[in-house]
Amino acid sequence: MRKITYDQAANEAIQEEFRKNPRCVHLSTDLAADLTEEFGTERVRVTPIAENSFVGTAIGLAGSGFRAVVNLRMATFGFVALDQIMNHAAKLTYMFGGQAKLPVLIRMTVGAGFSGGAQHSISPYSMFMNVPGLKILLPTTPYDVKGLLKTALVDPNPVISFEPFLLGRSEGEVPEEEYFLPFGKAAVRKRGSDVTVVALGRMAHVALEAAVELEGKISTEVIDPRTLVPLDRQAILRSVRKTGRLVVVDEACRTCSAASEIVALASSDRTTFARLKAAPARVCGLDVPIPFSPPLEKYVLPDRAKIVKAIRAVMRRPSA
Amino acid sequence: MRKITYDQAANEAIQEEFRKNPRCVHLSTDLAADLTEEFGTERVRVTPIAENSFVGTAIGLAGSGFRAVVNLRMATFGFVALDQIMNHAAKLTYMFGGQAKLPVLIRMTVGAGFSGGAQHSISPYSMFMNVPGLKILLPTTPYDVKGLLKTALVDPNPVISFEPFLLGRSEGEVPEEEYFLPFGKAAVRKRGSDVTVVALGRMAHVALEAAVELEGKISTEVIDPRTLVPLDRQAILRSVRKTGRLVVVDEACRTCSAASEIVALASSDRTTFARLKAAPARVCGLDVPIPFSPPLEKYVLPDRAKIVKAIRAVMRRPSA
Amino acid sequence: MQPDDKVLIELYTTMLTIRRFEERLVREVSAGNIPGFVHSYIGQEAIAAGVCRHLRRRDRIVSHHRGHGHCIAKGADLKRMMAEIYGKKTGYCKGKGGSMHIADFSVGMLGADGIVGAGLPISTGAAFAAQLEGKGDIAAVFFGDGACNEGEFHEALNLAGIWKLPLLFVCENNQYGVNTPAAYAMAAGEISRIPKAHNIPARVIFGNDVEEVYRAAGAAVAGIRKGEGPFFLECRTYRWHKHFLSQQLEDLRPAGELEEWKRKCPVAAMEKKLRNRGVLSPAKLRAIDEKIMRQVDAAHDFALSSPYPQPQDALHDVYSS
Amino acid sequence: MQPDDKVLIELYTTMLTIRRFEERLVREVSAGNIPGFVHSYIGQEAIAAGVCRHLRRRDRIVSHHRGHGHCIAKGADLKRMMAEIYGKKTGYCKGKGGSMHIADFSVGMLGADGIVGAGLPISTGAAFAAQLEGKGDIAAVFFGDGACNEGEFHEALNLAGIWKLPLLFVCENNQYGVNTPAAYAMAAGEISRIPKAHNIPARVIFGNDVEEVYRAAGAAVAGIRKGEGPFFLECRTYRWHKHFLSQQLEDLRPAGELEEWKRKCPVAAMEKKLRNRGVLSPAKLRAIDEKIMRQVDAAHDFALSSPYPQPQDALHDVYSS
């Protein structure tokens, strides 16, 4: 099968849906060159640097029968738009008793590991998960990003796609034929029987490396949820019930992270809890703003060695 | 001892510290009448409705050697200021390698239960907990709010005080003498041996009622963390190790809530995990925007009956 | 564009409907019968009436926290409005929104909103949609003087300006945001200086004279439909009640100001004109009022007799399907 | 306020220091020696130099993502700057900030920032502090043309206006935000229309002529110190490099534009003037350049030979104590 990059795959999803649906509109600071060329400057608008209002514009478009795609670029630029995303995109459909469909797709990159400094190196998905009304994607391969964005582009709801910055130029197989991936369906990246590793975003790849490294010694099941809302709770619970051990890997800061949610999910489920053989563990970014200097940044982020160590630790029985 | 309201107690803290420290400045939309009268319009500034910029102004003041208090009123109004709070107040000290102290106190009300509708009825503290660099208060009594704000007003860091809207007019004993309460020190509202209930914000009161209702049948320990960052992890773990059972009550939406964090904390601690007799439970707001209509709102929020039910459920052994 | 008699009567009827509806709410809120925050539109009726008279059903409006007047003027049903304000299942939002989030998409009323200024960029989206559709439809956005200090105001003006959006900005300058005077909160002095700086034409009008609002809005809407881009109307007015009806905060506006503005009541002024010009006799006026009162009563009865939603209905409408 | 020879030489020296520092960074970034995002100030040196020459140490400035020039002009140490850009322990931020978050509070440089527009309200706070202290100090804020489309720009102007803050707004209009032309992104056409609408006096100047910047900033700063409130300077200029040095995105600015602006090089123009007016001989000019080159080399050596922070240092400075 042909191989293309993550960013190309994402772009293809948008192009295909824009071809089918003339009511799709694209908003971003700076040019989306391929899109403009094909779809023209009416539908593909360059915006001033004014995120709160162009996200608001997308909401107004969606409430008026259009479908809007907003590319915020880096997640940190979206912080000036959180009122429109959290107070409006997430809530209007509900507040208005279902009168308004709001098909808005908001894309932004996340993650650290490129010396971007504290503001540009963030993975803030958990705060959006605490706001009901949004669907939340965290695609980790070219195949997934295309299939999930395709689905997002026919979904009648606000969808946020968090796209790990460092994966943008990673390559992977993507079929030529059209396909859609369902939301709420995790991918099992590797089957295993000793321990379940749920790994988010770029960490799905790093966790897989860790699992391969341990092969022969520890049989690790690696789950990539792919979408955080809806979250494939059943896939996670099923796996943990089988293995009895859980490690969650997430480069976001640990406190109140998506990893915390997944640990809470597994431990508060009675059946799963009863099968737990060890305390679930989180391997996350440390609770500090991400520092610029490479040795500092490396220290605060999860990596293969830390994941391996955590897997080894949960394989021991609880101490006390 | 004299009794005063929660709001009066908070006000006293500010007045006392403004008397001592002439470099304290207050910013809020609309008049803080008592403050203006005593401290004048130079230091007590009414702002236009422009939250992102008056929070930014507070940061600039703090970075220039002043201490700023910002009253955002309801937490939802702060969503237009999240860039300044999360990208700036939380991170500048770190990004600048400790060059800048940023003593900014940001106050806002939280909570639901007054038919405020989806935007005005929020409890968004978990999203701030995921951003390192902020200290976070959630005071639940007049005594606590005064003592914690006093401490906030001598702390050299950005502090957010989340003040439950419905507690503003609740009364409680507050000494005349000056006192400060330390951050990171939970209050045990009731001692017990069967189950630990960690209850946040207004739910601390409701959980206490539930515990009293169960008295004689189930011995419930009720813990009110009072500050979420720093969180008194030791007090929570100590209690759960003793009781072996944990129920966390939080009116915020459940997914990625502070309750999720507390469940994850207890279950991922090896010693505590080993002593757990039942799966920890969360009693939270349902994952929907808070609806306006009273019967709907009642349905989605935790209340005494739901807490009692959850406590009873964890007293049974895990099923599977 | 001078309104003819028929239009005058319609404008008057709309204003009086808003007035009577809002008066009823004042009574019910004081009696403790309505939960939540209710922001009264009394005193500002001429703006909603005069502007919306020029709008087609397909034109879209975006409102703010003080949104009942816009709803009524755009053609929403009093019954379903009242039911919503009471949190009933038969309300526009099935009880999920209440007064502050009232909306009727079927008449192009895209909703009241609880966040000051946030409707402005939503309206640029609605106007953008109209522009893309190319049928000569437009959007209008209502907002207060206080909202003009939020950054989104500036951003929305700029977007409307660079894209020449078919958008009518209607600033309801009632001179205060809660207790803060616009004169204090705004360096510009005159709000209309700001749109003008963005090259958006602007006019300041007396917002309590429905004929003036009608004429100014008519000219503005005609230009916008022709593709001339956005227009800005600043309407000077005054709110009669506290910021919201059940508010505990003191009303700190200067003594006497309210009385002075009550003398400039938009409804009474219009009634007087209609009577003096002989457009409507006292009997006819009384008949209109009685009819409106019956409608308001019927709306109220409808609301009271409607069921609350089922508790589990709270779980629906988080997502559309 | 015409600069005398001594001042002219200082202005030139500051500009050339920025230029040589930035040229070194261009080389090191291309060689892959510097991690992260580095935004070059080359082409805009006259603005930082001309404005900061009027500022006292106690005056505070707030910068943006393109912040090296402001740092140098406000008197920061090249060694600690270079060390920071390399992520070394000896850097201003102990390696935690890097180029985009460089700061030196000891000289009143309150930091570069990665969020477009966000420095504006921080600067209103710094100016508010100066006002409260009442010692005649002021604040200055640097920002690009793109930042003027963010709502915070409008909000900061308004705050400065209503409170008459001692704040100098310095807009570095290099005509693009990344690849988006200001002429497209801004309905106002002229940025200075916006502050004027807020009743803030504004002037448009040629930002590549350091004498012009010096004179205009001098008059503005004098007025601000006297308590006349904020002033707005729009400086027309051009960025020579890509938006940030290692950027993959194509530079879409029209062909020829850069060459045209290179002919308006602020440093070369000043050098020529100094030579033509006989202020500095070619030999003296060479000596200045050589001295600066030695300083830049020394800064670079210092950075290279400085240790990285210890990994565990990452845990410090989350909070102050």
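We call the chains A, B, C and D, going by the order they appear; numbering starts again at 1 in every chain.
As a convention for this text, a residue touches a chain if its C-beta (ideal position, glycine included) is under 8 Å from a C-beta of that chain, and two chains touch if they have at least 3 such contacts.
Computed from a prediction, not measured in an experiment: that's the story for all the values here.
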Checklist entry - By label order, what chains touch chain C and chain D together? => result A, B
Next on the checklist: Farthest chain from chain B, going by the mean of C-alpha atoms per chain?
Outcome noted: D
Item to check | Gap in Å, rounded to a whole number, between the CA centres of chain B and chain A | outcome: 29
Checklist entry - How many angstrom lie between the CA centroids of chain B and chain C, rounded to a whole number? => result 37
Checklist outcome for this item: Per the C-alpha means, the centres of chain A and chain C lie apart by a whole-Å value of 40
Checklist outcome for this item: By the touch definition above, chain B meets two or more other chains at residues 47-48, 50, 52-53, 76, 79-80, 83, 87, 94-95, 117-119, 132-133, 287-289, 291-292
Checklist entry - For chain C, which residues are shared contacts with two or more other chains? => result 93, 95-97, 101, 113-115, 118, 149-152, 155, 158, 162, 184-186, 318
Next on the checklist: Chains as vertices, touching pairs as edges: which of line, ring, star, complete or other describes this one?
Outcome noted: complete
Checklist outcome for this item: Per the touch rule, the chain A residues reaching chain D in their complex are 29-31, 46-50, 52-53, 76-77, 79-80, 114-120, 286-289, 291-300
Checklist outcome for this item: Note: in the complex, chain B contacts chain A through residues 52, 76, 79-80, 82-83, 86-87, 90-91, 94-95, 117-119, 124, 126-127, 129-133, 229, 252-253, 255-261, 263-264, 267-276, 278-282, 287-289, 291-292, 318-320
Next on the checklist: Touching residues of chain A toward chain C in the complex: what are they?
Outcome noted: 23, 25, 42-43, 45, 47-48, 50, 52-66, 68, 83-84, 87-88, 92-102, 132-133, 135, 156-157
Item to check | In the complex, chain C residues that touch chain A | outcome: 60, 62, 91-97, 101, 103-106, 110-111, 113-115, 118, 120-130, 132, 139, 151-152, 155-156, 158-159, 162-163, 316-321
Item to check | List of chain D residues in touch with chain C within their complex | outcome: 149-155, 157-158, 160-162, 184-189, 193-194, 196-200
